[in-house]
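Each structure below appears as structure tokens.
Shared between the two complexes below is subunit A, which has subunit B as its partner in the first and subunit C in the second.
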Partner chain A sequence: MKDKLRRFLRIDRRWIFLLLTAVMVWPIIHPFGLSGKTSQQSVRDFYDFVEKLKPGQAVILGTDYDPSTKPELHPQAVAALRHLFSKDVRVLILTFISGAPGMIEELNQTVPAEYGKEYGKDYVIMPYNPNYMAAMTQMSIDIYKAYDKDAEGNDVRGMPVMAGIKTYKDIAGVIEITGTGMLDAWVAYAGDKYGVPIIGGTTAISQLGFGPYLQNKQIRGLVGGMRGASEYETLISKPGKATSGIDALNMAHLLVILLILSSNLILLVIKEK
Partner chain B sequence: MLIIKKYIPLAIVTIVGLLTLATYYVPAKASSAYLSTLNQWEVIVSGFAFLLGLISLLMTHYKKIAKRVDGWGYSLFVFIGFFAVVIPGIISHGAQAKDGVLTSLGWAFRYLYNPLAATMFAVLAFYIVSTAFRSFRIKSVQAFVLFIAAFILILGNVPAGQMLWDAMLGWTGICGIGDIIQWIMQVPSVAAKRGIMIGITIGAAVTSLKIIFGIERQYMGRD
Partner chain C sequence: MENSMSIILGGWLSAGLTIFLFSFLYKDNPLFKIAEHLYLGVGMGWWFIVLLYGTWIPKAYEPFMQGEYVLIIPVLLGLSLVTQFIPRISWISRYGFTFIMGYGAGLVLPLNLATDFMAQIAGTIKPFSQLASMSWGAIINSFLIAIGAVCVLAYFYFSVEHKGIVKKASNIGIYFLMIYFGASFGNTVMARFSLLYGRFDLLYDFSGASYAFATPIIIILTVGFFALKHFMDKKKNSGAAQP
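Let's look at the complex of A and B:
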């Protein structure tokens, strides 16, 4: 018996890979519909912030993620943009990550049409800028010196979406969706120094690191990972990719717990150090 | 020669460093104008730095291919990947879509970069699960504490875990898993993170001052 248990502890990892594939593919084919219970205060704060915005106000939406973190962050960006458009808020979309323009294009091709939003009037996409520090500092003095043209090379000065916007003073808030350190940068260069409200969306693994900012209200709300995204989708009543993906995530988490518990129980039984 | 190679760069760094530092505390128009000019210079200089890095990367991999060193085939993929994105990028003038239709760059991004990057990241999940099974074994008190914290976080981060917790322990009336996670995230986790952040920030400030005052000169090279 003990030999069998010992052999189980040394199981070929390819069996674990197969098991994980099975438990994740199964709920994707047959979703269970385990909806996320809204329990995180930071997600509700994110939602409340957008909810309190008035029509016509302008918000910066930083989409600093690439395909590697797309399953967690793209649903957050989609949900945030949907919420902003539903409130008739003007949106300035920008990025400092080279892999993000393709993600922004995906947003551009889907979300604005759902709300009948017009490019240049209701939202604008700024070009990729590799130097975030310079751009963030510059926007405190004159946004047009950081972004005088949009991503397609059109002059942004004459666009209705930019009417009355010159510095951070004319911006109601920054929503940053990222798995990088860009959220810290917004806090340091825009939030703390110029008092711009900063809201964030991040990966589950990065979420813990933003605790100090949340406690100090340097970040007013935070959506973390796919779970946070599914909670946000529930709050805006627009179930999307996060809601459908949460089942697979559920199963993967439960498998991890099961494996850890079983390996420790076996160790206890065979009393092996 | 020493003046050109050493003293002039040091003087530039000291003057620009101190002036930039001062702009943070001096809310004058001249201060904004200076910062604005400096930001534009920074963007231009970083563009050249980017180009320099690219040339260095391509040269390194070209040498590996030319000398047929171990794993030179991977270097070949650096060139294939590079041209698979750069050529469509030039053809489509950097635009990912035009009039709602994907350009060749948009196609390369969506159907090459997108699945490749997503696959690279997704593969991690398999290794994490396998490693969790092999390594997460309680062999000390510290490992037990880590196990409990990780167990609660993993369980509480998905609705099924919350449902499981409520079904098994809900009747006891003790706090929900959400409350425990909230406490872990707001007390021990924040304390540790704050300590790390303060340490990093002090280190960065000290290093910056050392560079500004010419004590740290590694950025100037060996001479």
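Let's look at the complex of A and C:
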């Protein structure tokens, strides 16, 4: 018995990888529908902020993520853009991450068409800008100093979406979806300095680090990881990739908890003997 | 037709590279190496193209050709950094670095001091001036934050010997840190599983007829490769063992 238990502790980890694959793929093939409850206040704050926006107001949507964090952040960006478009808010999409233009293109090909939104009138995509500090600082004086052309090289000054927008004071808020320090930068360079409301979407890893900003109202709302994204999708009644992913995530967590508990119990039994 | 062919090819490429990278979990192998090197090469190529067409051409070349000659100054400062690769003239790069350091520090320090330092201290103290209008939950929360902040700071304060009240405070600080690390680890696990789900979800998408059954075929071929390699290695070893 003792030897059998010891053998279990020395199990080849590749069997665990295989088991993990099985428990994660199973709900992808047959979804259980375990998600659906909203519990985090910060996600509700994010939702409430967008909900209170008036038609015609302009919002900056920062999409600073690349394929490495896409499963967590892309559903957040899709949900945020859907919510903004449903409120008829004008959206300025921009990025400071070189891997993000592909992600923005994916957003552009899917979400605007769902709401009949027109490029240049309802939203605009700004080009990748490598120097976020310069851009954020310049935008406080004149947005066109940082972005005079869109991602396709068209002049943005004549676009209806930019009508009446010159500085941060013409912007109703910044929604920043990122796994990088870009959310900190928006807080420092736009939020704290010019009073622009900052709302964030971030990876689960980074989520805790933004707790102090959230507590201090330097960030008005925060969606963290795939869990946060699924809660937000539930709030806007548009289930997407995050909602379907929660089943797999729950199963994987259950497996980890089961393995930790069983290993510790076995260790206790071996020790007692 | 051409479009659907490129989508199918994209699916095969994506599924293949994902499976090749996952194959490392079984053991190191040439398929993993191919995917790893491709990832590095393509990443560098993408970065170069984005910088060339996203920054150099629209921000430097085009305005310069239209008569904005003052741009030569930042361009030269930027180019000076490249001299790092030529030891004989690498001293020139100091001009570029000096500018970056001065500009960066000037911009970052005051703002970050206000955002991450002063605003956080104010945020910790402020609730104590509003206790009368706060709920019991908010009051407890404010006390927890203040006690946590002081005790964790005491743990990292090394200018006095940790004994007496300082030791007690730093010991409490350890519990706050442990709770943070535990929550942080939990979130990290969740984030990693989310990424794994992302790949599995795509592999599932690519397993259908619309992608010419890319995932199952590549998995079968990869397993076949490992079986063949195992068989050949075994044969080679048994041949070498014979006198």
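As a convention for this text, the second predicted complex is superposed on the first by the 270 of 273 C-alpha atoms of A that agree within 3 Å, B and C clash if a C-alpha of one lies under 4 Å from a C-alpha of the other, contacts with A are read in each partner's own complex, and residues count from 1 in each chain.
Criterion: a contact is a pair of C-beta atoms (placed from the backbone, for glycine too) under 8 Å apart; a residue touches a chain by one contact, two chains touch by 3 or more.
Remember, it's a predicted structure, so these values are computed and weren't measured experimentally.
Peer 1: Let me test your reading of the model: by the given contact rule, A:Y189 touches which partner, first (subunit B), second (subunit C), both or neither?
Peer 2: The second partner, subunit C, only.
Peer 1: Have a look at where A:G245 lands relative to subunit B and subunit C in the superposition and call it first, second, both or neither.
Peer 2: The answer is second: A:G245 touches subunit C but not subunit B.
Peer 1: So in the superposed three-chain picture, is A:G225 touching just subunit B, just subunit C, both, or none of them (first/second/both/neither)?
Peer 2: both
Peer 1: Figure out whether A:I260 sits in contact with subunit B (first) or subunit C (second), or with both, or with neither.
Peer 2: First partner only.
Peer 1: Check the residue A:T203 against both partner chains and state whether it touches subunit B (first), subunit C (second), both, or neither.
Peer 2: After superposition on chain A, A:T203 lies in contact with subunit C alone.
Peer 1: By the touch definition at the top of the document, which applies to A:P212: first (subunit B), second (subunit C), both, or neither?
Peer 2: In the superposition, A:P212 touches subunit B and subunit C alike.
Peer 1: With the two structures laid over each other on chain A, which partner does A:K149 touch: subunit B (first), subunit C (second), both, or neither?
Peer 2: After superposition on chain A, A:K149 lies in contact with subunit C alone.
Peer 1: Considering only touches as defined above, state whether A:K121 meets subunit B (first), subunit C (second), both or neither.
Peer 2: In the superposition, A:K121 contacts neither subunit B nor subunit C.
Peer 1: Could you tell me if A:Q109 is touching subunit B, subunit C, both of them or neither one (first, second, both, neither)?
Peer 2: In the superposition, A:Q109 contacts subunit B only.
Peer 1: Which subunit A residues lie in the overlap of the subunit B contact set and the subunit C contact set?
Peer 2: Correct list for subunit A: 17, 20, 68-71, 99, 101, 129-130, 133, 137, 193, 204, 207-208, 212, 215, 225, 227, 249, 252-253, 256.
Peer 1: Taking the touch rule as given, give the residues of subunit B at its contact with subunit A in the complex, in rising order.
Peer 2: That would be residues 24, 32, 35-36, 39-40, 42-43, 46-47, 50, 95-97, 100, 106, 109-110, 113-118, 120-121, 125-126, 128-130, 132-134, 136-139, 147, 150-151, 154-155, 157-164, 176, 178, 182, 185-186, 189-190, 193-194, 197 of subunit B.
Peer 1: Which stretch or stretches of subunit A touch subunit C in the complex?
Peer 2: 14, 17, 20-21, 24-25, 28-29, 68-72, 98-99, 101, 127-130, 133, 137, 149, 153, 184, 187-189, 192-193, 203-205, 207-208, 212, 215-218, 224-227, 241, 244-245, 248-249, 252-253, 256
Peer 1: Report the residues of subunit C in contact with subunit A in the complex, numbered from low to high.
Peer 2: 25-26, 46-47, 50-51, 54-55, 58, 104, 107-108, 111-112, 114-116, 119-120, 122-123, 145, 180, 183-184, 187-191, 193-201, 204
Peer 1: Touching subunit B in the complex: which residues of subunit A?
Peer 2: 13, 16-17, 20, 34-37, 39-41, 66-71, 99, 101-102, 105-106, 108-109, 129-131, 133-135, 137-138, 141-142, 145-146, 151-152, 193, 204, 207-209, 211-212, 215, 225, 227, 246, 249-257, 259-260, 263-264, 267, 273
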